[in-house]
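Worksheet: the structure to be examined is printed underneath.
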(Lines give C-alpha, C1' and ligand atoms only; values in the text may rest on other atoms or scores of the structure.)
Protein backbone atom coordinates (compact mmCIF):
# COMPACT_ATOMS: atom_id res chain seq x y z
CA UNK A 1 0.00 0.00 0.00
CA UNK A 2 1.03 3.59 -0.35
CA UNK A 3 2.35 5.30 2.74
CA UNK A 4 -0.06 6.50 5.40
CA UNK A 5 -1.37 10.03 5.68
CA UNK A 6 0.29 12.21 8.34
CA UNK A 7 -1.70 12.36 11.57
CA UNK A 8 -1.80 15.67 13.44
CA UNK A 9 -3.27 15.79 16.95
CA UNK A 10 -4.92 19.05 18.00
CA UNK A 11 -5.32 19.70 21.73
CA UNK A 12 -6.93 22.56 23.62
CA UNK A 13 -9.79 23.52 25.91
CA UNK A 14 -13.15 21.77 25.77
CA UNK A 15 -14.61 25.26 25.91
CA UNK A 16 -13.07 28.26 24.17
CA UNK A 17 -13.78 31.81 23.08
CA UNK A 18 -14.64 32.79 19.52
CA UNK A 19 -11.13 33.86 18.67
CA UNK A 20 -9.60 30.56 19.75
CA UNK A 21 -12.35 28.66 17.92
CA UNK A 22 -11.48 30.56 14.77
CA UNK A 23 -7.79 29.68 15.14
CA UNK A 24 -8.68 26.03 15.74
CA UNK A 25 -10.97 25.90 12.74
CA UNK A 26 -8.24 27.27 10.49
CA UNK A 27 -5.81 24.72 11.92
CA UNK A 28 -8.23 21.92 11.08
CA UNK A 29 -8.77 23.31 7.61
CA UNK A 30 -5.04 23.49 6.89
CA UNK A 31 -4.47 19.95 8.13
CA UNK A 32 -7.14 18.66 5.76
CA UNK A 33 -5.80 20.71 2.86
CA UNK A 34 -2.36 19.25 3.48
CA UNK A 35 -3.77 15.73 3.25
CA UNK A 36 -3.40 15.06 6.97
CA UNK A 37 -5.74 13.24 9.31
CA UNK A 38 -6.93 15.31 12.27
CA UNK A 39 -6.92 13.58 15.64
CA UNK A 40 -8.55 15.18 18.67
CA UNK A 41 -10.26 14.30 21.91
CA UNK A 42 -13.58 14.43 20.06
CA UNK A 43 -15.48 16.77 22.38
CA UNK A 44 -16.27 20.51 22.31
CA UNK A 45 -14.35 23.78 22.20
CA UNK A 46 -11.02 23.54 20.39
CA UNK A 47 -11.67 19.90 19.50
CA UNK A 48 -14.95 20.69 17.80
CA UNK A 49 -13.72 23.79 16.00
CA UNK A 50 -10.67 22.01 14.61
CA UNK A 51 -12.78 19.02 13.54
CA UNK A 52 -15.26 21.35 11.86
CA UNK A 53 -12.49 23.03 9.90
CA UNK A 54 -11.09 19.71 8.76
CA UNK A 55 -14.40 18.14 7.79
CA UNK A 56 -15.63 21.17 5.88
CA UNK A 57 -12.37 21.05 3.93
CA UNK A 58 -13.02 17.40 3.07
CA UNK A 59 -10.68 15.87 5.63
CA UNK A 60 -10.86 12.82 7.85
CA UNK A 61 -11.34 13.45 11.60
CA UNK A 62 -10.79 11.00 14.44
CA UNK A 63 -12.11 11.68 17.96
CA UNK A 64 -10.64 9.72 20.86
CA UNK A 65 -13.35 9.89 23.49
CA UNK A 66 -12.98 9.67 27.29
CA UNK A 67 -16.42 8.15 27.90
CA UNK A 68 -18.23 4.97 26.89
CA UNK A 69 -20.49 6.45 24.19
CA UNK A 70 -19.63 7.25 20.59
CA UNK A 71 -22.47 9.76 20.56
CA UNK A 72 -20.49 12.04 22.85
CA UNK A 73 -18.37 12.95 19.84
CA UNK A 74 -19.02 16.30 18.23
CA UNK A 75 -20.78 16.18 14.88
CA UNK A 76 -17.58 16.81 12.90
CA UNK A 77 -15.85 13.65 14.12
CA UNK A 78 -16.04 11.09 11.36
CA UNK A 79 -14.42 8.22 13.26
CA UNK A 80 -15.08 8.10 17.01
CA UNK A 81 -12.75 5.90 19.07
CA UNK A 82 -14.44 4.92 22.31
CA UNK A 83 -11.98 4.43 25.17
CA UNK A 84 -14.07 4.74 28.37
CA UNK A 85 -10.74 5.58 30.02
CA UNK A 86 -11.29 9.14 31.20
CA UNK A 87 -8.16 11.26 31.24
CA UNK A 88 -5.99 8.31 30.23
CA UNK A 89 -7.38 8.80 26.74
CA UNK A 90 -5.25 11.94 26.56
CA UNK A 91 -2.20 9.71 26.28
CA UNK A 92 -3.66 7.83 23.31
CA UNK A 93 -4.68 11.07 21.70
CA UNK A 94 -1.13 12.35 21.85
CA UNK A 95 0.69 9.12 20.97
CA UNK A 96 -1.45 8.65 17.88
CA UNK A 97 -0.25 11.85 16.24
CA UNK A 98 2.96 12.35 14.28
CA UNK A 99 2.90 15.85 15.71
CA UNK A 100 0.76 17.83 18.15
CA UNK A 101 -0.63 21.35 17.85
CA UNK A 102 -1.63 22.90 21.19
CA UNK A 103 -4.12 25.75 21.42
CA UNK A 104 -5.26 27.50 24.62
CA UNK A 105 -6.67 25.22 27.29
CA UNK A 106 -6.45 24.26 30.93
CA UNK A 107 -4.74 21.50 32.90
CA UNK A 108 -5.93 18.75 30.54
CA UNK A 109 -4.15 20.48 27.68
CA UNK A 110 -1.03 20.95 29.77
CA UNK A 111 -0.96 17.25 30.61
CA UNK A 112 -1.19 16.45 26.89
CA UNK A 113 1.68 18.78 26.05
CA UNK A 114 3.81 17.24 28.81
CA UNK A 115 2.98 13.74 27.57
CA UNK A 116 3.90 14.67 24.01
CA UNK A 117 7.23 16.21 25.05
CA UNK A 118 8.06 13.19 27.20
CA UNK A 119 7.34 10.93 24.22
CA UNK A 120 9.45 12.99 21.84
CA UNK A 121 6.50 14.01 19.70
CA UNK A 122 7.00 17.43 18.07
CA UNK A 123 4.63 19.92 19.73
CA UNK A 124 3.67 23.24 18.19
CA UNK A 125 2.03 25.91 20.38
CA UNK A 126 -0.43 28.44 18.99
CA UNK A 127 -1.88 31.24 21.10
CA UNK A 128 -0.54 29.89 24.41
CA UNK A 129 1.99 27.54 26.02
CA UNK A 130 5.01 29.15 24.36
CA UNK A 131 6.62 29.35 27.82
CA UNK A 132 6.75 25.55 28.17
CA UNK A 133 10.29 24.39 27.44
CA UNK A 134 10.44 22.25 24.33
CA UNK A 135 7.38 23.47 22.46
CA UNK A 136 7.72 25.09 19.05
CA UNK A 137 5.92 28.45 18.97
CA UNK A 138 3.82 29.49 15.99
CA UNK A 139 2.00 32.76 15.36
CA UNK A 140 -0.64 31.75 12.80
CA UNK A 141 -2.65 28.59 12.10
CA UNK A 142 -0.93 28.27 8.76
CA UNK A 143 2.51 28.43 10.35
CA UNK A 144 1.49 25.98 13.07
CA UNK A 145 0.30 23.40 10.55
CA UNK A 146 3.32 23.90 8.31
CA UNK A 147 5.66 23.37 11.26
CA UNK A 148 3.69 20.33 12.41
CA UNK A 149 3.87 18.68 8.99
CA UNK A 150 7.60 19.43 8.70
CA UNK A 151 8.42 17.98 12.10
CA UNK A 152 6.08 15.05 11.62
CA UNK A 153 7.90 14.10 8.43
CA UNK A 154 11.29 14.52 10.05
CA UNK A 155 10.42 12.33 13.01
CA UNK A 156 9.08 9.85 10.45
CA UNK A 157 7.30 7.86 13.10
CA UNK B 1 -22.80 16.71 8.87
CA UNK B 2 -24.23 13.55 7.45
CA UNK B 3 -24.37 10.58 9.75
CA UNK B 4 -21.23 8.62 10.51
CA UNK B 5 -20.24 5.44 8.71
CA UNK B 6 -20.91 2.20 10.59
CA UNK B 7 -17.83 0.86 12.39
CA UNK B 8 -17.31 -2.91 12.46
CA UNK B 9 -14.59 -4.35 14.69
CA UNK B 10 -12.98 -7.60 13.51
CA UNK B 11 -11.21 -9.73 16.13
CA UNK B 12 -9.24 -12.95 15.81
CA UNK B 13 -5.83 -14.51 16.14
CA UNK B 14 -2.65 -12.59 15.44
CA UNK B 15 -1.57 -15.65 13.49
CA UNK B 16 -3.93 -17.75 11.42
CA UNK B 17 -4.05 -20.44 8.74
CA UNK B 18 -4.76 -19.71 5.08
CA UNK B 19 -8.41 -20.66 5.32
CA UNK B 20 -9.07 -18.28 8.21
CA UNK B 21 -7.11 -15.54 6.44
CA UNK B 22 -9.32 -16.00 3.41
CA UNK B 23 -12.46 -15.70 5.53
CA UNK B 24 -11.07 -12.59 7.24
CA UNK B 25 -10.16 -10.98 3.93
CA UNK B 26 -13.66 -11.52 2.60
CA UNK B 27 -15.08 -10.06 5.81
CA UNK B 28 -12.97 -6.94 5.36
CA UNK B 29 -13.94 -6.67 1.72
CA UNK B 30 -17.65 -6.87 2.52
CA UNK B 31 -17.36 -4.26 5.27
CA UNK B 32 -15.74 -1.84 2.83
CA UNK B 33 -18.30 -2.58 0.13
CA UNK B 34 -21.06 -1.84 2.62
CA UNK B 35 -19.53 1.55 3.36
CA UNK B 36 -18.35 0.54 6.82
CA UNK B 37 -15.11 1.39 8.57
CA UNK B 38 -13.05 -1.61 9.64
CA UNK B 39 -11.58 -1.49 13.13
CA UNK B 40 -9.04 -4.06 14.26
CA UNK B 41 -6.11 -4.49 16.62
CA UNK B 42 -3.84 -3.52 13.74
CA UNK B 43 -1.39 -6.44 13.89
CA UNK B 44 -1.04 -9.69 11.94
CA UNK B 45 -3.15 -12.76 11.21
CA UNK B 46 -6.89 -12.10 11.14
CA UNK B 47 -6.31 -8.39 11.71
CA UNK B 48 -4.04 -8.07 8.69
CA UNK B 49 -6.16 -10.21 6.40
CA UNK B 50 -9.34 -8.30 7.22
CA UNK B 51 -7.56 -4.96 6.79
CA UNK B 52 -6.17 -6.11 3.46
CA UNK B 53 -9.63 -7.05 2.25
CA UNK B 54 -11.05 -3.70 3.27
CA UNK B 55 -8.24 -1.56 1.83
CA UNK B 56 -8.15 -3.37 -1.49
CA UNK B 57 -11.89 -2.73 -1.74
CA UNK B 58 -11.30 0.98 -1.13
CA UNK B 59 -12.31 1.07 2.50
CA UNK B 60 -10.97 2.86 5.55
CA UNK B 61 -9.13 0.76 8.13
CA UNK B 62 -8.28 1.70 11.72
CA UNK B 63 -5.74 -0.29 13.77
CA UNK B 64 -5.77 0.11 17.55
CA UNK B 65 -2.27 -0.91 18.55
CA UNK B 66 -1.08 -2.34 21.89
CA UNK B 67 2.43 -0.90 21.69
CA UNK B 68 4.01 2.53 21.48
CA UNK B 69 4.87 2.55 17.76
CA UNK B 70 2.58 3.30 14.83
CA UNK B 71 4.92 1.32 12.62
CA UNK B 72 3.80 -1.89 14.29
CA UNK B 73 0.60 -1.64 12.30
CA UNK B 74 0.26 -3.93 9.31
CA UNK B 75 0.56 -2.22 5.94
CA UNK B 76 -3.19 -2.26 5.32
CA UNK B 77 -4.01 -0.09 8.33
CA UNK B 78 -4.70 3.41 7.10
CA UNK B 79 -5.16 5.05 10.50
CA UNK B 80 -3.07 3.62 13.35
CA UNK B 81 -4.19 4.51 16.87
CA UNK B 82 -1.27 4.17 19.27
CA UNK B 83 -2.35 3.18 22.78
CA UNK B 84 0.79 1.74 24.43
CA UNK B 85 -1.67 -0.02 26.74
CA UNK B 86 -1.03 -3.67 25.98
CA UNK B 87 -4.08 -5.88 26.34
CA UNK B 88 -6.18 -2.99 27.63
CA UNK B 89 -6.34 -1.83 24.03
CA UNK B 90 -8.64 -4.78 23.37
CA UNK B 91 -11.33 -2.96 25.31
CA UNK B 92 -11.01 0.13 23.12
CA UNK B 93 -11.00 -2.02 20.01
CA UNK B 94 -14.31 -3.56 21.00
CA UNK B 95 -16.02 -0.44 22.38
CA UNK B 96 -15.24 1.50 19.20
CA UNK B 97 -17.28 -0.81 17.00
CA UNK B 98 -21.03 -0.71 16.44
CA UNK B 99 -20.74 -4.47 16.10
CA UNK B 100 -18.01 -7.09 16.40
CA UNK B 101 -17.18 -10.01 14.10
CA UNK B 102 -15.08 -12.72 15.78
CA UNK B 103 -12.97 -15.16 13.78
CA UNK B 104 -10.85 -17.99 15.18
CA UNK B 105 -8.30 -16.92 17.79
CA UNK B 106 -6.97 -17.63 21.24
CA UNK B 107 -7.48 -16.11 24.68
CA UNK B 108 -7.09 -12.54 23.47
CA UNK B 109 -9.99 -13.05 21.11
CA UNK B 110 -12.06 -14.64 23.86
CA UNK B 111 -11.45 -11.67 26.13
CA UNK B 112 -12.65 -9.35 23.36
CA UNK B 113 -15.81 -11.38 22.81
CA UNK B 114 -16.51 -11.35 26.55
CA UNK B 115 -15.94 -7.59 26.70
CA UNK B 116 -18.27 -7.02 23.75
CA UNK B 117 -21.02 -9.14 25.28
CA UNK B 118 -20.66 -7.40 28.63
CA UNK B 119 -20.98 -4.04 26.87
CA UNK B 120 -24.04 -5.09 24.90
CA UNK B 121 -22.27 -4.84 21.55
CA UNK B 122 -23.69 -7.28 18.96
CA UNK B 123 -21.11 -9.99 18.33
CA UNK B 124 -21.15 -12.25 15.28
CA UNK B 125 -19.03 -15.43 15.29
CA UNK B 126 -17.55 -16.88 12.12
CA UNK B 127 -15.65 -20.17 12.09
CA UNK B 128 -15.45 -20.47 15.89
CA UNK B 129 -16.92 -19.28 19.20
CA UNK B 130 -20.47 -20.33 18.36
CA UNK B 131 -20.61 -22.09 21.73
CA UNK B 132 -20.22 -18.85 23.68
CA UNK B 133 -23.65 -17.83 24.98
CA UNK B 134 -24.82 -14.60 23.40
CA UNK B 135 -22.86 -14.62 20.15
CA UNK B 136 -24.68 -14.65 16.81
CA UNK B 137 -23.38 -17.48 14.61
CA UNK B 138 -22.72 -16.95 10.90
CA UNK B 139 -21.61 -19.47 8.29
CA UNK B 140 -20.10 -17.24 5.58
CA UNK B 141 -18.26 -13.90 5.57
CA UNK B 142 -21.11 -12.34 3.64
CA UNK B 143 -23.64 -13.48 6.24
CA UNK B 144 -21.41 -12.34 9.08
CA UNK B 145 -21.09 -8.84 7.66
CA UNK B 146 -24.77 -8.62 6.81
CA UNK B 147 -25.69 -9.61 10.36
CA UNK B 148 -23.16 -7.18 11.82
CA UNK B 149 -24.52 -4.26 9.80
CA UNK B 150 -28.10 -5.16 10.72
CA UNK B 151 -27.39 -5.38 14.41
CA UNK B 152 -25.16 -2.30 14.36
CA UNK B 153 -27.99 -0.26 12.89
CA UNK B 154 -30.52 -1.64 15.36
CA UNK B 155 -28.33 -0.84 18.34
CA UNK B 156 -27.89 2.61 16.77
CA UNK B 157 -25.06 3.45 19.07
CA UNK C 1 14.01 -5.46 52.12
CA UNK C 2 12.48 -8.86 52.62
CA UNK C 3 10.66 -10.36 49.68
CA UNK C 4 7.17 -9.20 48.81
CA UNK C 5 4.00 -10.95 49.93
CA UNK C 6 2.28 -13.10 47.31
CA UNK C 7 -0.59 -11.32 45.58
CA UNK C 8 -3.68 -13.36 44.69
CA UNK C 9 -6.35 -11.82 42.47
CA UNK C 10 -9.92 -13.01 43.04
CA UNK C 11 -12.42 -12.50 40.21
CA UNK C 12 -16.13 -13.25 39.99
CA UNK C 13 -19.56 -11.69 39.65
CA UNK C 14 -20.38 -8.26 41.09
CA UNK C 15 -23.52 -9.91 42.38
CA UNK C 16 -23.66 -13.47 43.67
CA UNK C 17 -25.80 -15.89 45.64
CA UNK C 18 -25.17 -16.78 49.28
CA UNK C 19 -23.36 -19.99 48.46
CA UNK C 20 -20.88 -18.28 46.15
CA UNK C 21 -20.41 -15.47 48.68
CA UNK C 22 -19.54 -18.06 51.29
CA UNK C 23 -16.98 -19.67 48.98
CA UNK C 24 -15.49 -16.26 48.19
CA UNK C 25 -15.27 -15.30 51.85
CA UNK C 26 -13.43 -18.50 52.65
CA UNK C 27 -11.06 -17.87 49.73
CA UNK C 28 -10.28 -14.41 51.11
CA UNK C 29 -9.79 -15.79 54.59
CA UNK C 30 -7.32 -18.41 53.38
CA UNK C 31 -5.36 -15.90 51.34
CA UNK C 32 -4.94 -13.70 54.42
CA UNK C 33 -4.01 -16.65 56.62
CA UNK C 34 -1.36 -17.63 54.10
CA UNK C 35 0.15 -14.16 54.30
CA UNK C 36 -1.04 -13.16 50.84
CA UNK C 37 -2.42 -9.86 49.66
CA UNK C 38 -5.90 -10.06 48.14
CA UNK C 39 -6.46 -8.12 44.95
CA UNK C 40 -9.94 -7.68 43.52
CA UNK C 41 -12.01 -5.30 41.44
CA UNK C 42 -13.13 -3.66 44.68
CA UNK C 43 -16.90 -3.72 44.10
CA UNK C 44 -19.73 -6.02 45.31
CA UNK C 45 -20.59 -9.70 45.09
CA UNK C 46 -17.58 -12.01 44.95
CA UNK C 47 -15.20 -9.06 45.28
CA UNK C 48 -16.82 -7.89 48.50
CA UNK C 49 -17.17 -11.34 50.04
CA UNK C 50 -13.55 -12.22 49.36
CA UNK C 51 -12.36 -8.87 50.70
CA UNK C 52 -14.50 -9.36 53.82
CA UNK C 53 -12.95 -12.75 54.44
CA UNK C 54 -9.44 -11.40 54.06
CA UNK C 55 -9.92 -8.29 56.19
CA UNK C 56 -11.65 -10.16 59.02
CA UNK C 57 -8.66 -12.52 59.05
CA UNK C 58 -6.31 -9.56 59.37
CA UNK C 59 -5.19 -9.40 55.75
CA UNK C 60 -4.48 -6.58 53.33
CA UNK C 61 -7.01 -6.00 50.54
CA UNK C 62 -6.52 -3.97 47.37
CA UNK C 63 -9.49 -2.95 45.20
CA UNK C 64 -8.80 -1.85 41.62
CA UNK C 65 -11.83 0.27 40.77
CA UNK C 66 -13.34 0.95 37.33
CA UNK C 67 -14.70 4.40 38.21
CA UNK C 68 -13.26 7.72 39.35
CA UNK C 69 -14.22 7.52 43.04
CA UNK C 70 -12.41 5.66 45.82
CA UNK C 71 -15.69 5.60 47.76
CA UNK C 72 -17.08 3.09 45.28
CA UNK C 73 -14.93 0.47 46.96
CA UNK C 74 -16.66 -1.94 49.28
CA UNK C 75 -15.96 -1.40 52.97
CA UNK C 76 -13.50 -4.29 53.18
CA UNK C 77 -11.06 -2.79 50.68
CA UNK C 78 -8.18 -1.30 52.60
CA UNK C 79 -6.33 0.19 49.62
CA UNK C 80 -8.50 1.43 46.76
CA UNK C 81 -6.74 1.99 43.44
CA UNK C 82 -8.72 4.44 41.31
CA UNK C 83 -8.37 3.81 37.59
CA UNK C 84 -11.39 5.53 35.98
CA UNK C 85 -10.76 3.12 33.11
CA UNK C 86 -13.94 1.05 33.09
CA UNK C 87 -13.43 -2.51 31.91
CA UNK C 88 -9.77 -1.88 31.11
CA UNK C 89 -9.18 -2.05 34.86
CA UNK C 90 -9.84 -5.79 34.57
CA UNK C 91 -6.49 -6.13 32.84
CA UNK C 92 -4.67 -4.38 35.71
CA UNK C 93 -6.55 -6.48 38.22
CA UNK C 94 -5.32 -9.66 36.59
CA UNK C 95 -1.75 -8.57 35.79
CA UNK C 96 -1.19 -7.46 39.38
CA UNK C 97 -1.71 -10.95 40.80
CA UNK C 98 0.85 -13.73 40.96
CA UNK C 99 -2.12 -16.03 40.47
CA UNK C 100 -5.86 -15.67 39.85
CA UNK C 101 -8.77 -17.48 41.49
CA UNK C 102 -11.99 -17.35 39.47
CA UNK C 103 -15.40 -17.84 41.07
CA UNK C 104 -18.76 -17.79 39.28
CA UNK C 105 -19.47 -14.66 37.28
CA UNK C 106 -20.54 -13.37 33.88
CA UNK C 107 -18.74 -11.99 30.85
CA UNK C 108 -16.53 -9.66 32.88
CA UNK C 109 -15.15 -12.63 34.75
CA UNK C 110 -14.65 -14.55 31.52
CA UNK C 111 -12.68 -11.66 30.07
CA UNK C 112 -10.45 -11.66 33.15
CA UNK C 113 -9.82 -15.40 32.89
CA UNK C 114 -8.95 -15.04 29.22
CA UNK C 115 -6.60 -12.17 29.97
CA UNK C 116 -4.88 -14.15 32.72
CA UNK C 117 -4.41 -17.19 30.49
CA UNK C 118 -3.06 -15.04 27.67
CA UNK C 119 -0.57 -13.50 30.10
CA UNK C 120 0.54 -16.85 31.47
CA UNK C 121 -0.80 -16.16 34.95
CA UNK C 122 -1.87 -19.35 36.76
CA UNK C 123 -5.66 -19.38 37.01
CA UNK C 124 -7.59 -21.56 39.44
CA UNK C 125 -11.33 -22.08 38.93
CA UNK C 126 -13.71 -22.66 41.82
CA UNK C 127 -17.39 -23.42 41.30
CA UNK C 128 -17.39 -22.59 37.58
CA UNK C 129 -15.18 -22.14 34.49
CA UNK C 130 -13.60 -25.58 34.72
CA UNK C 131 -14.48 -26.06 31.04
CA UNK C 132 -12.18 -23.26 29.92
CA UNK C 133 -8.97 -24.78 28.55
CA UNK C 134 -5.99 -23.91 30.69
CA UNK C 135 -7.67 -23.24 34.03
CA UNK C 136 -6.80 -25.33 37.08
CA UNK C 137 -9.95 -26.73 38.70
CA UNK C 138 -10.39 -26.75 42.48
CA UNK C 139 -13.22 -28.15 44.55
CA UNK C 140 -12.90 -26.23 47.82
CA UNK C 141 -11.73 -22.71 48.78
CA UNK C 142 -8.85 -24.24 50.71
CA UNK C 143 -7.69 -26.23 47.69
CA UNK C 144 -8.10 -23.21 45.42
CA UNK C 145 -5.92 -21.04 47.61
CA UNK C 146 -3.35 -23.76 48.12
CA UNK C 147 -3.07 -24.27 44.35
CA UNK C 148 -2.88 -20.52 43.77
CA UNK C 149 -0.03 -20.08 46.24
CA UNK C 150 1.83 -23.06 44.78
CA UNK C 151 1.56 -21.84 41.23
CA UNK C 152 2.29 -18.25 42.21
CA UNK C 153 5.54 -19.31 43.81
CA UNK C 154 6.48 -21.47 40.84
CA UNK C 155 5.89 -18.70 38.35
CA UNK C 156 7.93 -16.50 40.70
CA UNK C 157 6.85 -13.38 38.95
CA UNK D 1 -14.53 -1.69 59.18
CA UNK D 2 -12.66 1.29 60.46
CA UNK D 3 -12.00 4.05 57.99
CA UNK D 4 -9.24 3.70 55.41
CA UNK D 5 -5.74 5.07 55.80
CA UNK D 6 -5.03 8.28 53.92
CA UNK D 7 -3.24 7.69 50.60
CA UNK D 8 -0.58 10.17 49.52
CA UNK D 9 0.85 9.98 46.01
CA UNK D 10 4.45 11.13 45.58
CA UNK D 11 5.58 12.11 42.07
CA UNK D 12 8.95 13.21 40.74
CA UNK D 13 11.79 12.28 38.46
CA UNK D 14 12.79 8.67 37.85
CA UNK D 15 16.35 9.89 38.37
CA UNK D 16 17.30 12.57 40.87
CA UNK D 17 20.27 14.12 42.67
CA UNK D 18 21.20 13.30 46.26
CA UNK D 19 19.52 16.37 47.68
CA UNK D 20 16.18 15.59 46.04
CA UNK D 21 16.49 11.95 47.10
CA UNK D 22 16.96 13.09 50.66
CA UNK D 23 13.85 15.29 50.48
CA UNK D 24 11.87 12.41 48.97
CA UNK D 25 13.01 9.97 51.63
CA UNK D 26 11.94 12.34 54.38
CA UNK D 27 8.58 12.78 52.66
CA UNK D 28 8.08 9.02 52.61
CA UNK D 29 9.12 8.73 56.23
CA UNK D 30 6.65 11.39 57.34
CA UNK D 31 3.82 9.80 55.38
CA UNK D 32 4.44 6.48 57.13
CA UNK D 33 4.74 8.13 60.55
CA UNK D 34 1.40 9.83 59.94
CA UNK D 35 -0.22 6.47 59.22
CA UNK D 36 -0.59 7.14 55.52
CA UNK D 37 -0.09 4.80 52.59
CA UNK D 38 2.51 5.93 50.07
CA UNK D 39 1.58 5.60 46.42
CA UNK D 40 4.16 6.13 43.69
CA UNK D 41 4.99 5.07 40.18
CA UNK D 42 7.17 2.32 41.67
CA UNK D 43 10.40 2.97 39.75
CA UNK D 44 13.66 4.80 40.59
CA UNK D 45 14.70 8.27 41.64
CA UNK D 46 12.11 10.15 43.69
CA UNK D 47 9.81 7.12 43.65
CA UNK D 48 12.44 4.86 45.14
CA UNK D 49 13.68 7.35 47.72
CA UNK D 50 10.17 8.11 48.96
CA UNK D 51 9.32 4.39 49.11
CA UNK D 52 12.52 3.71 51.01
CA UNK D 53 11.67 6.35 53.57
CA UNK D 54 8.18 4.98 54.08
CA UNK D 55 9.20 1.33 54.30
CA UNK D 56 12.05 1.95 56.72
CA UNK D 57 9.56 3.80 58.92
CA UNK D 58 7.25 0.78 58.85
CA UNK D 59 4.78 2.06 56.27
CA UNK D 60 2.93 0.47 53.37
CA UNK D 61 4.09 1.37 49.87
CA UNK D 62 2.22 0.84 46.59
CA UNK D 63 3.97 1.12 43.21
CA UNK D 64 1.83 1.58 40.11
CA UNK D 65 4.05 0.32 37.33
CA UNK D 66 4.03 1.30 33.64
CA UNK D 67 5.30 -2.05 32.37
CA UNK D 68 4.13 -5.66 32.43
CA UNK D 69 6.49 -6.95 35.14
CA UNK D 70 6.11 -6.62 38.92
CA UNK D 71 9.85 -7.07 39.23
CA UNK D 72 10.40 -3.64 37.72
CA UNK D 73 9.33 -2.19 41.06
CA UNK D 74 12.06 -0.85 43.30
CA UNK D 75 12.83 -2.97 46.36
CA UNK D 76 10.91 -0.69 48.74
CA UNK D 77 7.57 -1.20 47.00
CA UNK D 78 5.53 -3.63 49.07
CA UNK D 79 2.54 -3.88 46.74
CA UNK D 80 3.28 -3.57 43.02
CA UNK D 81 0.31 -2.85 40.77
CA UNK D 82 1.06 -3.96 37.23
CA UNK D 83 -0.68 -1.85 34.60
CA UNK D 84 1.29 -2.44 31.37
CA UNK D 85 -0.20 0.89 30.29
CA UNK D 86 2.87 3.08 29.90
CA UNK D 87 2.29 6.73 30.66
CA UNK D 88 -1.43 6.17 31.19
CA UNK D 89 -0.46 4.69 34.55
CA UNK D 90 0.37 8.23 35.64
CA UNK D 91 -3.35 8.95 35.70
CA UNK D 92 -4.04 5.99 38.00
CA UNK D 93 -1.14 6.99 40.21
CA UNK D 94 -2.61 10.43 40.71
CA UNK D 95 -6.29 9.47 41.00
CA UNK D 96 -5.48 6.89 43.68
CA UNK D 97 -4.13 9.49 46.12
CA UNK D 98 -6.15 11.69 48.45
CA UNK D 99 -3.41 14.23 47.85
CA UNK D 100 -0.27 14.52 45.71
CA UNK D 101 3.21 15.71 46.67
CA UNK D 102 5.34 16.75 43.69
CA UNK D 103 9.13 16.83 43.85
CA UNK D 104 11.50 17.86 41.06
CA UNK D 105 11.05 15.95 37.81
CA UNK D 106 10.58 16.32 34.08
CA UNK D 107 7.62 16.21 31.73
CA UNK D 108 6.16 13.06 33.26
CA UNK D 109 5.94 14.82 36.60
CA UNK D 110 4.37 17.86 34.99
CA UNK D 111 1.72 15.70 33.35
CA UNK D 112 0.90 14.18 36.74
CA UNK D 113 0.58 17.60 38.38
CA UNK D 114 -1.70 18.76 35.57
CA UNK D 115 -3.81 15.62 35.89
CA UNK D 116 -4.12 16.09 39.65
CA UNK D 117 -5.15 19.72 39.31
CA UNK D 118 -7.70 18.86 36.64
CA UNK D 119 -9.16 16.21 38.94
CA UNK D 120 -9.34 18.54 41.93
CA UNK D 121 -6.78 16.56 43.93
CA UNK D 122 -4.79 18.76 46.33
CA UNK D 123 -1.22 19.04 45.05
CA UNK D 124 1.70 20.15 47.21
CA UNK D 125 4.97 21.18 45.53
CA UNK D 126 8.35 20.70 47.19
CA UNK D 127 11.57 21.91 45.63
CA UNK D 128 10.02 22.76 42.26
CA UNK D 129 6.74 23.48 40.41
CA UNK D 130 5.71 26.34 42.70
CA UNK D 131 5.09 28.43 39.56
CA UNK D 132 2.29 26.15 38.36
CA UNK D 133 -1.04 27.81 39.16
CA UNK D 134 -3.02 25.84 41.70
CA UNK D 135 -0.22 23.97 43.48
CA UNK D 136 0.38 24.47 47.19
CA UNK D 137 4.05 25.34 47.85
CA UNK D 138 5.93 23.79 50.76
CA UNK D 139 9.47 24.45 51.93
CA UNK D 140 10.28 21.30 53.92
CA UNK D 141 9.27 17.63 53.68
CA UNK D 142 7.52 17.90 57.03
CA UNK D 143 5.47 20.87 55.87
CA UNK D 144 4.67 19.16 52.57
CA UNK D 145 3.34 16.06 54.30
CA UNK D 146 1.41 18.07 56.90
CA UNK D 147 -0.25 20.09 54.14
CA UNK D 148 -1.00 16.96 52.15
CA UNK D 149 -2.69 15.25 55.09
CA UNK D 150 -4.69 18.38 55.92
CA UNK D 151 -5.95 18.82 52.40
CA UNK D 152 -6.55 15.09 51.97
CA UNK D 153 -8.80 15.06 55.02
CA UNK D 154 -10.64 18.18 53.87
CA UNK D 155 -11.33 16.79 50.44
CA UNK D 156 -12.47 13.63 52.25
CA UNK D 157 -12.47 11.65 49.05
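Chains: A, B, C and D, in written order; residue numbering restarts at 1 for each.
Keep in mind that, in the parts below, a contact is a pair of C-beta atoms (placed from the backbone, for glycine too) under 8 Å apart; a residue touches a chain by one contact, two chains touch by 3 or more.
Please read these numbers as outputs of a predicted model, since none were measured by experiment.
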Between A-B and A-D, the pair with more C-beta contacts: A-B
Chain C on chain D, rotation in degrees - Cα superposition, rounded to nearest 5: 180
Longest centre-to-centre distance from chain C, chain (CA-based): A
Rounded Å distance, chain A centre to chain B centre (Cα mean): 26
Cα-centroid distance, chain A relative to chain D, in whole angstrom: 30
Where chain B touches two or more other chains at once, by residue number: 68, 84-88, 91-92, 119
Residues of chain A that touch chain B when the two form their complex: 1, 4-5, 7, 37, 55, 60, 62, 64, 68-71, 75-85, 91-92, 95-96, 98, 119, 157
Chain D residues touching chain B - in the complex, by the definition given at the top: 68, 84-88
Chain A - residues contacting chain D, complex: 85-88, 91-92, 106-108, 110-112, 114-115, 117-119, 134
